[in-house]
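Here you go, one structure.
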Amino acid sequence: MRGISKAFFGVPALRGIDLAAAAGTVHAIVGENGAGKSTLMAILAGVVAADAGEIRIGGEPLPMGDSEAARQRGISVVYQEFNLIPDLSVAANVFLHREPTRHGLLASRRMRQETARLLAEVGAADIDPRLRAGQLGVAQQQLVEVARALALRPRILVMDEPTAALAAQEQARLLDLARTLRARGTTILYISHRLEEVFAIADRITVLKDGRHVATLDTAATDRDEIVRLMVGRDLARGLYPERPAAQADRGTPALAVSHLSWPGVLDDVSLDVQRGEIVGLAGLVGAGRTSLARAIFGAEPAARGEIRLDGRPAHIRSPRAATRLGLGLLSEDRKGEGLAMNLEGVANIAAVHLPTTMGLVRRAAERRQAVTLAERVRLAPQALKRAVRTLSGGNQQKVVLAKWLAARARVLILDEPTRGIDVGAKAEIYAIMRELAAEGVGILFISSELPEILGVSDRILVMRRGRIVAEMPGPGATEEAVMRAAVMEDEPA
Amino acid sequence: MGVGERASAAGAAPAVVPGRAGAGRFGRGAGTVLADYGIWAALAIAIVVSAATAPRFLSGANIHDLMSAMAVLGIVSVGQTVVILSGGIDLSVGMLMGLVTVLTNGIMNGDAALAWPMVALGLAIGLGVGLLNGGLLVLTRIDPLILTFGMLSILTGAIFVYTDQTVGAAPANFRAIAQGSLGPFPYLFLVMVVAAAIAWLVLTRTRFGRYVYAIGGAEEHARRAGIPIAPMKVAIYAISGLTAGIAGIGLAARLGSGYTLAGQGFELDSIVAVVLGGTSLAGGRGSVIGTIGAVVFLAILSNGLNLAGISPYTQQVVKGLVVVAAVVLYTRARRA
Amino acid sequence: MSDALARDRAAGGAALAVLERLGIWAALVVLIAIASGLSPYFLSLNNFLNILNQASVVGTTAVGVTLVMITGGVDLSVGSIISLSADIAATVMNGSDGNVPLAILLAVGAGAVVGLVNGVLVAKRNVPSFILTLGTGAAVQGLGLLYTGGTASGVIAPWFQHTIGGRPYLHVPGVVFVFAAIVLVGLLIEKTTAFGSRLFLVGSNIRAAELSGIAVDRVLILAYTLSGTAAGIGGVVLLGRVGVSSAFAGQTYTFDVLASVLLGGTTFQGGRGGIAGTIAGVLLLVVAFNLVNILGLNFNTQLVVKGAIIIGAASLYRLLQRQT
Amino acid sequence: DDAPTDVPGCDLAKLPAPAVASKEAEGAKAMVDTAAFKKSGTIKLGVSAGYLANSWVVFALQLIKYEASKDPRYAKDIRVTDAGFNANKQISDIHDLVNSGVNAIIYWPVDDKAIEPALEEAVAKGIPTVNVGGGYNNAKGVTSNAYIDQYILGRMVAQHLMADMKGKGSILSLLPIAGTTAAVDQDRALKDVLGVCPSVKLLDTENGDWNRAKSQTIGQNWSQRFPQATGLFSPSGQMTIGAVQAFDQAGTLDRIQLSPSDEYNGWLKWAVANPTKNSGVVTFPPEAGAVGVELMTKIVQGQAVPKGMQVPSTYIPPAEVKKYAEANRPDDWWATKLPEQWQPKH
């Protein structure tokens, strides 16, 4: 790709990017949120037309803004934003627009079998090809997207944060898959904010910043800190993770106490507590039940039964409304579907939980002030608040959701994958914010599929498997091995 | 109520619903798919009640008239189903049927030799207007409801440009389309069945059909998958126009003359049929079989009320409440 | 991300927003320009008042429907509500000024009740609003007929006739004052109240709104109730304007209202648009009719031109949006 | 008939007699052999309404019920269906009436020709059909008509207007729904009369759709466009009222001579209140309904009846209007001989 430029509303998102990836290699692209990674890939895929520049594949120029042509030439993309059709089956989605037919009629069985094979390849054999895509959890959808990209037998495979929704095990399996594909001669453009995996798999790394090409380096010839410096433009002052206070000895009345919470088929007699000022990490494999647990506590799953106490007082949480009123907050793992009003501006989204009013009338000034203050706190440029969040980069969207929940001033915050799709700089910020909140006495239940951050941030770690809490360990000193063992351990026969 | 319960488009699981953020076209509940069997339950009840209250309901004559009564609406509703499945809507079908009725009868004016040419003309007009709708839609990218609402007005005008009063007459051979029957089945009824069968096959067993659902489900994602949206839309509205054309021919044969406002009301009736049939106005979910079920249901409702000798005003109240009851019932049925 | 980048991009975003709001007005201005070019009578104060007078029923009603459509729903029962309300007002009034307040109260109240029913069914039962309100509309229509026995009953009171129906102050029709008042109230609700803000959140992403602790049910119910109320007022306006109720008077309005709201930039997907745009949409339709009428086009051409104007205006509007 | 014959500036002599000019007259006189419809038992009467959407048909329907109630031959319950302006539904309605066992059908059409096939089927089954209302239908699906001759009515209205305008000026014409017999015939009548009144100019014709609101809007736009208008041709009272309100507000009313309109109570009341401004009333009698039943009664006894029984429109001069106007009644009401308990009620 040479001299690629793109502007939205006459405003540059990409400024003359050059990018060359050798065949049969894994070429990582990293950069801050909004650096232009996804846009660049969208241009490569022909779904967004560049304003300037050219693309050559094996020397042949590729017509711009023609997704069909790109597909013909073997380019296939796993988008950062999901592109499944919720009402169609998994199989139908995987083969969308390249359905095999027999005398003009869809060869449905063949599609199902093929899909099952592809799903197995990406390590999601448990997904039934006949399920509606809309019924899948985030992680499951992510894997379907990958399977879909593979169905094309691509020469060039673009993966835009494919692991963002995955937990350690799936992540590992996906990386293996990438390696096998590379071995088969597939070129892979790999976008991720998880630098450790970038270093684990990439042959070369290109860094973008503010729509400009900063550097392209051999992985062997560089290290994490250099990349971070190139991305963020500064060293991360203190380490990625904030200091943990010494574990407080007295375990007083917990801010949140859940006992015997059950949801037939999903949650099985879950009990846990979160102290004031404590960050409790909740680890587990995809489908372990963490999100379900979070939603159940938050009153979003009426089918769930159990007792919940806030600051020792029994709380009858029948609905998210009740939950928020009791000072509970839930940052959903599903930004697009449950987090944001995509076509409204940041200000309105941030005020969704806490809208400053007097006698039913909105205090616009206060609303705006609140948004600006919180935007600063999550390191989001205040100007971005005036735009429909739809037009923000994934990471910046995540910051808006976070700001919304900061506005809520919750006493207990449940954060479900809060750093999904966020660049390292921003991640550090979010960890810091979590710590600040804790210091202010907020209890935090921190759900994440990224083991390093669970280990790095949590005061205490809970591990879930099959809807049950199967292990508890102090955060400091906990090891990936210990957590994984608990997460994958087979149930001992009862 | 929980979100899981609420996530009308997403079913029970707390899952992402790409392209379905927000309440969706016609809002809250629009994504709700009326349980597929809902309409059949309603239909069964309607039949039982009618048969019980009006003994003549099951008479051969009445059933025959019923079949011919429902056919025209049934045919146009098939096309409407395709449009709505694709996330669109077509308000122009009614007046399109009217235009066909007026022109064919006006031109034939009793001349038997012109019968078949007029059938061709009817199809041509339907297809033409359909293509026009689709074309304008992709060119202007305005909301299909606005577009077809404007088209409705234009077509009405076109009718009155041609005549301001009932014109022409259908020759016997043309009328036969509406009055003749094959064994116990009126031709028009068979046309409806065939149209529905073809639509069903295309929608469920071909790529075209698959893309209709995809576009209705999440247009942007369908586009990214490389589905040619513009040609698809033109084709979809062309289909709607075509079925409206066929329905228009049926109407022309049934009325036997070119009554200017003959088509008025078919646009809403067809939409009601489609939605009662379980197709989501948000697009992406539903079936043409359900639509036919709803058409039969509506015909029986009207027929039953007439046979039972219910007064017109009460009939209107009942019809309204039945529609409400039906949707409320299904939406509950779906959650249970 | 760098602030510079964000800043100019923000400018772009703002520009888009502005155009989205102005688009329909631009279309309106263009049409008015054409009209005044074509007809010497168009640009007279009197004709202007006529336009407002003719817009009053649709406009008053459209204000309420806009709120519903912001939530992503639609209300097709308004036409029938208008009829019912006019009927009730006329019969209760029954020729004496004393009854006017009660008459108006009951008429508007009836509208509110129908709206409430719609709202509850949509919010609690999750029923598709399009088909639901089509049904309630039909039922209400029938009830109106049963209530009146088919002929528009009741006699309007002299005061009502003179104030609402006449031109009480400055030769401005009374209905125009009502219309203006409703628009004002509507704008206040939409722009300044918490309910107004939540309308957009619910319409834009109902699940996010729910998880943010917003009482989605209440928002929806209130929206539909307000829509029914506005339609009820629309019925009173109609009675004032025409001087007689009729069980069918309202039928014709439903689609004009819907078209106005859509033209105004409030989409079926919800979460966008607003009352200001709707008013432009209403005026656009009335001016269209007024224009073809003043031009003396005959019936059939009127219809063609009106349709063409609707499509043309919407397209122009869309075009302006895409300029960005 | 009571229409003025000598009007200054108009050569009315040139006009053929209304009864001749009226297309409807053709065949109306012919007698119909009804032996095939002779019935012994009780008559189950069915009424297929093309629409019930205006007060005139509602009154006509009440007159049908009242008239039938007076004759023991008719079964108590009379089945009524409403097609709501949907011709396709009226066909089904007629089928339904037949299937529900009625053996006599009185109807008014959404559209004459459109429902002809259904009527023919009924007649073929030995069920007589009587058309009631503003239009004569010569088709074989119709056994007999109780009709008001829209052309003759139009002529009366036009001639009175010409007389009151002294045969000169410029007029506006307000007609019902485009395409209806009413609109077509009234228009033809007006044009015929204008043909012999050279110094009267027709400025514009609009369709008020029997809708008072729409008529008002039209009136408002007329006031802008045709300030020079001096006359209004509008046989329908409720449309006239709509236009009058507009003229009144625009201040053009004084210049405009209003034609006679029908006995719609709103118009009657207005005419009484403004004795100088109107030309009285040319009736459009809902009694057509009663006449329809009388015809049906003869038919089911096998007595020959005329194909068309005209229900005559009569002229009521301004001075006598007050005899018919009912001040305490709603506008949307008709002066009829219906006994209290049979009048539409709520």
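Labels for the chains are A, B, C and D, by order of writing; each one numbers its residues from 1.
Quick note on the criterion: a contact is a pair of C-beta atoms (placed from the backbone, for glycine too) under 8 Å apart; a residue touches a chain by one contact, two chains touch by 3 or more.
What you are looking at is a predicted structure, and each value in this text was computed from that prediction instead of being measured.
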*asked:* Among all chains, whose Cα centre is located farthest from the one for subunit C?
replied: A
_For this structure, I'd like the pair of chains sharing the most C-beta contacts._
B-C
*Report the inter-chain centroid distance for subunit B and subunit D in whole angstrom, where each centroid is the mean of the CA atoms.*
36
*What is the distance in Å between the mean C-alpha positions of subunit B and subunit C?*
28
*With chain centres taken as the means of their Cα atoms, state the distance from subunit A to subunit D in Å.*
73
*Spell out, as numbers or ranges, the residues of subunit C touching 2 or more other chains.*
145-146, 150, 204-205, 207-208, 210-211, 271, 299
*Two or more partner chains touched - positions in subunit B*: 1, 3, 17, 21-22, 160, 164, 312-313, 315-316
*Provide the list of subunit A residues touching at least two other chains, using ranges where the numbers run on.*
300, 320, 337-338, 340-343
*Identify every two-chain combination in which the chains touch.*
A-B, A-C, B-C, B-D, C-D
*Mind pulling up the subunit A residues that touch subunit B in the complex?*
47, 67-68, 71, 79, 81-88, 92, 96-97, 99, 101, 104-106, 132-138, 140-141, 291-292, 295, 299-303, 319-320, 334, 336-338, 340-343
*asked:* Which residues of subunit D touch subunit B once you look at their complex with the stated criterion?
replied: 49, 52, 77, 79-82, 84-89, 91-93, 95-101, 110-117, 178-181, 183-184
*Which residues of subunit A touch subunit C in their complex?*
8-13, 32-35, 210-211, 298, 300, 320-321, 323-325, 330, 332, 337-345, 348-349, 351-353, 355, 357, 360-362, 381, 383-384, 386-388, 391, 393, 396, 404, 408
*Complex interface listing, subunit B residues touching subunit C*: 1, 3, 6-8, 17, 21-30, 32, 34, 136, 139-143, 145-147, 149-161, 164, 268, 271-272, 275-276, 280-281, 312-324, 327-328, 331-332, 335
*What does subunit C use to touch subunit D in their complex?*
39, 41-42, 44, 46-47, 50, 53-54, 57, 90-91, 95, 145-155, 165-167, 173, 238, 241-249, 252, 289-290, 293-294, 296, 298-299
